[in-house]
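One chain, subunit A, appears in both complexes that follow, with subunit B as partner in the first and subunit C in the second.
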Partner chain A sequence: MYLKAVTFNKKLIITICVVAVMLLVFPHIQFGLSDYVLSVLTQALLFIYLANSWNILSGFTGMFSLGHASFFGIGAYACAIMTVQVALPGLGDVQRYMLGIAAGIVLSMILAFVVGWIATKLKGLFFAMTTLAMAEVLRTFSLQAKFTNGNLGIIIPPSLSVGPMASYYIILAMCGLAFLFTWHLKNSRTGRMLISIRENENLAASLGVNVTKWIYVSVFISALLATLGGAYYPLYLSHIEPTATFDYSITMQMMIVCIAGGKGSVLGPVLGGVAILLNEAIRATLTKFSGGATSYASIAGLLYGIVLLLIILFMPDGLISLRSSIRKFRDDRRKKQKEALAKANAKIS
Partner chain B sequence: MPLQIILQVLISAICTGGLYGLFASGFTFQRGALKIVDVSYGAWLMVAMYAMYVLKTMLGMNYFVALVIIMVAYYFIGYGMRRFILTKCASNMVQLVATMACTFILQNLAEFIFKQTPRSTGMVEKVVVLGGIPVSLTRLGMFVLAIGVLVGFQLFLNRTWTGKSIRAIVQQSEIASIMGVNAEKTMNAAYGASYMLAAIAGSMLVVFIPVMPYSGSYYQTLSFIICIAAGKSYMRGALYIGILIGMIEAILQFFVARYSMPIIFVAFVFALVLRPDGLFSSKKMAST
Partner chain C sequence: MFFESKNVTIKFGGLVANNDVSIAIEKGQIMGLIGPNGAGKSTFFKACNGFNIPTSGEVWFEGKKISGQSTWETCADGVTSTFQLAETFPAITVLETVLVGAYCRVKTDKEAHDIAYESLAFMNLTDEQHMRNNQLNLYTRKRVEICAALATQPKLLLLDEIFAGCTLSEDEELIELIRRLNAERGITIFLVEHVLKVVHELCDQVVVLVHGEVIATGTPAEVTKLPAVITAYLGEDNNNA
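Right, the complex of A and B next:
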């Protein structure tokens, strides 16, 4: 039986194209909005990208990871350490940065191997907690070690910073590629293997799916994407610190974006980017009204949490389920109208 | 290092560990018996600590009166959490995310009200010297109280009608319903009872550990570690592991303060991978 995993109709493709074009021209036109909006969009795109990587491991394969920040942090720290802390004579900053990306990929592949090994042994909550503990190990270690400069963090040399416009375009391109990749993945044989593991691991194994191999593959893909996102981070921010890279809140942001949009779907993480925009909008509005009072940040966090809770409780499949539920509502109403009409006609005749 | 200092550190570590065991056994009960993943448990513990601070230090109430008030309030909070949030979630993973959102709300609320300043009840600990070792009577009393509460909870589960019906539902929900047990109501009540353990532990912890808005996440992680190390439905094990963790924490902080948390986490990961069903279990496979 041919299982069509993703259905993209013409209307949806046109919508995606329109949004893509709007995002492409946005920094040049800006629609009368300030530079602040550009930075918020960059942040939202970064988390959409990371949510995409989380989605491959947790949405498709069903391995609920709470430690994705560790891959992200390894990418960011490898680049920062190679650029600043290690003495490499005769190499420019950009070349060192490239070396850093390579080192980050190698390191996170080693970590991914460990995670894959754990994933084949532990399931569900146990896997989630182990990955969380792993991220905590890395965070506390980077807070204490010498070469990561402790909680002061590492300052990236200005020669690496590319400016807000370029960093926006880089992350947009990364996001677009990641989107196309997951789209392709979900429709491919590999994607169906991963989804079969999520749905029923024993059944998949009995039908000849090499479960161990495909779990490793999904961990590797997901870790690679997250590491590249981390490698982008020094370009975007000029300061790397443990609380902004290895922290639990980073993983939480990825999860929120992915779950608010729709876990296990290709469009989900993209829609979930709205969550980041919403958070920033609440923050900005509160700052405006409170006149810059210091307590606004926690109120913003409070409101964000409440909205999140409501989304999880009333839309457990994320914003992506909105489309089908609206369609269902419309169909129900039409059906009712037709029935009422038929009844009225019957009465008349 | 003189022996007296080691003994002093160990005694106070055992007392703190008893409290860790107390709140972790509440979490173990939720996870094992009620099949619920609630990561807002640590945040609620933090709220209980703040509640004790408000009632005792700001309003000047008697400690035990305040304790009873917090316990009653927590029974209803636990009841409401299960009734309105946790049972609405489709799977354990959705529960995880929903309670994460709750954690987020509680932390930000606490930060908004109390700011980042550490708060403590400012009670003076009574100290007696036993054979040259100064022992805090307050801590010892707390430890004894914690053990008493846990024994009482076990008795409640084993001897009372409600406790027996909770266990009946855990074993066979349908049969228990046929026998006339209202499954939903009883489980909500059981959940409320597990929150009462958090209330007691929080009220006692705040006496000697200052509370901050984000200190809940540390206790949450600890209770996870303890719950998994003890095996998910073994509450007495949670107490033992709690005491063990308290001692390990004190010893590590004495010798390698810089790396104490990473070492605990690495040990946890190894324990989980090698003995997924708890240190006391003979099973080799994890069951979710």
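Right, the complex of A and C next:
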């Protein structure tokens, strides 16, 4: 009984396995498609991964962060700076990159401590605005500072580039691990503490939940995941610049993926990845129709926005709520069939 | 003394909500706190569970000063409270709510589930365990709140107007439940209540709070006969008539 409460049902596990296998073999059988599809998938997976990180702080603990790009950016920049900008004689690029990851984590944890402190003082909109300001400050800083090379950004040495195939597999693995981690987290003591804070802070406190401590814990976990996502970025792109790391649009993407899929749920961010694919699909289709010209492609954003709007309007809990809707529809139909059968039987007898 | 408040005074700016409140509770008692609206009952409760910090005075529990510390620390010390307005975790299930309470004492999933199932059984909530809190009616929400409080394994339970908004038959059930909590679990109960019938049936001792001050202490029967208490509840004119 106790185990039943914490595991998914069989059907879902099979579905997840099938999807995982499909994603694993996909790069080898691209059905003659170009690298473009692979790069779109890689991007979608990256944002699914980042959405997972956003989900822990904002979906589970309920602290609405608008500055998650700062952790992502710190991860990316720490790696880039350590590999390119800092003179470390006698060390290879890969070793420097590893050092960069470590430095990124340390810096992120310091920032996470500040964010945690803010989170214990400010709630809701005020917390959101403060984190937004934090990310914007970091973006402006990275645009102006010398060691970040301003808006030109940093070019990553080719020795670090792993190629599209490998970078796809790396982010797929990271996504899988993040998914398993969130899954475990939600049903663990930590997860329950975080969710109780989201649901009702006062009641949680009166039931012995150390609200301050768990808010810090959630910020730390969330920041760590985002930083590792940032550390992956130099492997995927050969060029790190402020508008692609600290920018508000990065946080926005994480939020769209997470909210469209269903925030506060484990599967939510994974389903939300569909949003990114959809965006790309609309863009590609329109470009094809307009014969490569950009005139039609410019309304792709408009269509994408309308679709997102419809998702939020009709499924405020995200795509994940389709699951319960389908279940309800099925149950209702079964019930009706049973009733009809009973009626028919009654007529006959 | 098991639980004791020593000259607790709470001021909100110029407003004195509690003035020099001293209350002592012995282990195993069911203690009532009554008084008209705005007497400062809930304010005093919040000083006991850490939501308010007394302006002066102290609250002691089992030889430890609990006033001024955080709510979760007070809960860890064995004093758990419920809220006047039946607070819930709206979007999660009853079982998950009770689990949050259970994790107060234990670390592992297994132990927490054991405690949660046992508490649910005690409160007759086993059938509702997979329902979401926002699907429940007020009475069940109140029981869920007590159940989660019970899962924290308290020594002293503070119940703030737990009977408000309940029907008569629900009152009876709750009285029975609180008696069982007291008798079978050995939990000392301290409750704020408006319904005097409940106080008469349930409480060993009653403290009357009026305008933030204690005006009487004693058994329910003694206290409700005192002229000062009658005046406080029914007003001056009633005495003259």
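Here, the second predicted complex is superposed on the first by the 319 of 349 C-alpha atoms of A that agree within 3 Å, B and C clash if a C-alpha of one lies under 4 Å from a C-alpha of the other, contacts with A are read in each partner's own complex, and residues count from 1 in each chain.
Note that in this section a contact is a pair of C-beta atoms (placed from the backbone, for glycine too) under 8 Å apart; a residue touches a chain by one contact, two chains touch by 3 or more.
The structure presented is a predicted model; accordingly, all values stated were derived computationally and were not measured.
Undergrad: Could you figure out whether subunit B or subunit C reaches more residues of subunit A?
TA: Of subunit B and subunit C, the partner in contact with more residues of subunit A is B.
Undergrad: Would you sort A:284 into first (subunit B), second (subunit C), both or neither based on which partner it touches?
TA: So A:284 meets neither subunit B nor subunit C here.
Undergrad: For A:20, select first, second, both or neither according to whether it touches subunit B, subunit C, the two together, or no partner.
TA: Touch status of A:20: no partner.
Undergrad: Using the touch definition from the top, say if A:107 reaches subunit B (first), subunit C (second), both or neither.
TA: Once the two structures are laid over each other on A, A:107 reaches no partner at all.
Undergrad: Pick one for A:204: touches subunit B only (first), subunit C only (second), both, or neither.
TA: A:204: touches subunit C, not subunit B.
Undergrad: In the superposed arrangement, which partner chain does A:38 touch: subunit B (first), subunit C (second), both, or neither?
TA: A:38 sits against neither subunit B nor subunit C.
Undergrad: Figure out whether A:170 sits in contact with subunit B (first) or subunit C (second), or with both, or with neither.
TA: A:170 sits against neither subunit B nor subunit C.
Undergrad: Where on subunit A do the contacts from subunit B and from subunit C line up?
TA: Touching subunit B and subunit C on subunit A: no residues.
Undergrad: Hey, which residues of subunit A end up touching subunit C in the complex?
TA: 1-2, 5-6, 187-189, 192-193, 195-196, 199-200, 202-212, 264
Undergrad: Across the complex, what residues on subunit B touch subunit A?
TA: Its residues touching subunit A are 37, 85, 88-90, 92-94, 96-98, 100-102, 104-105, 107-109, 111-112, 217, 221, 224-225, 228, 258-259, 261-262, 265-266, 268-269, 272-273, 276, 286, 288.
Undergrad: Any idea which subunit A residues touch subunit B in the complex?
TA: Spelled out, the residues of subunit A in touch with subunit B are 64, 118, 121-126, 128-130, 132-134, 136-137, 140-141, 144, 248, 252, 255-256, 259, 295, 298-299, 301-302, 304-306, 308-309, 312-313, 316.
Undergrad: So in the complex, which bits of subunit C are touching subunit A?
TA: That would be residues 49-51, 70-72, 75-76, 80-83, 87-92, 95-97, 99-101, 103-105, 107-110, 112-113, 117, 145, 148-149, 151-152 of subunit C.
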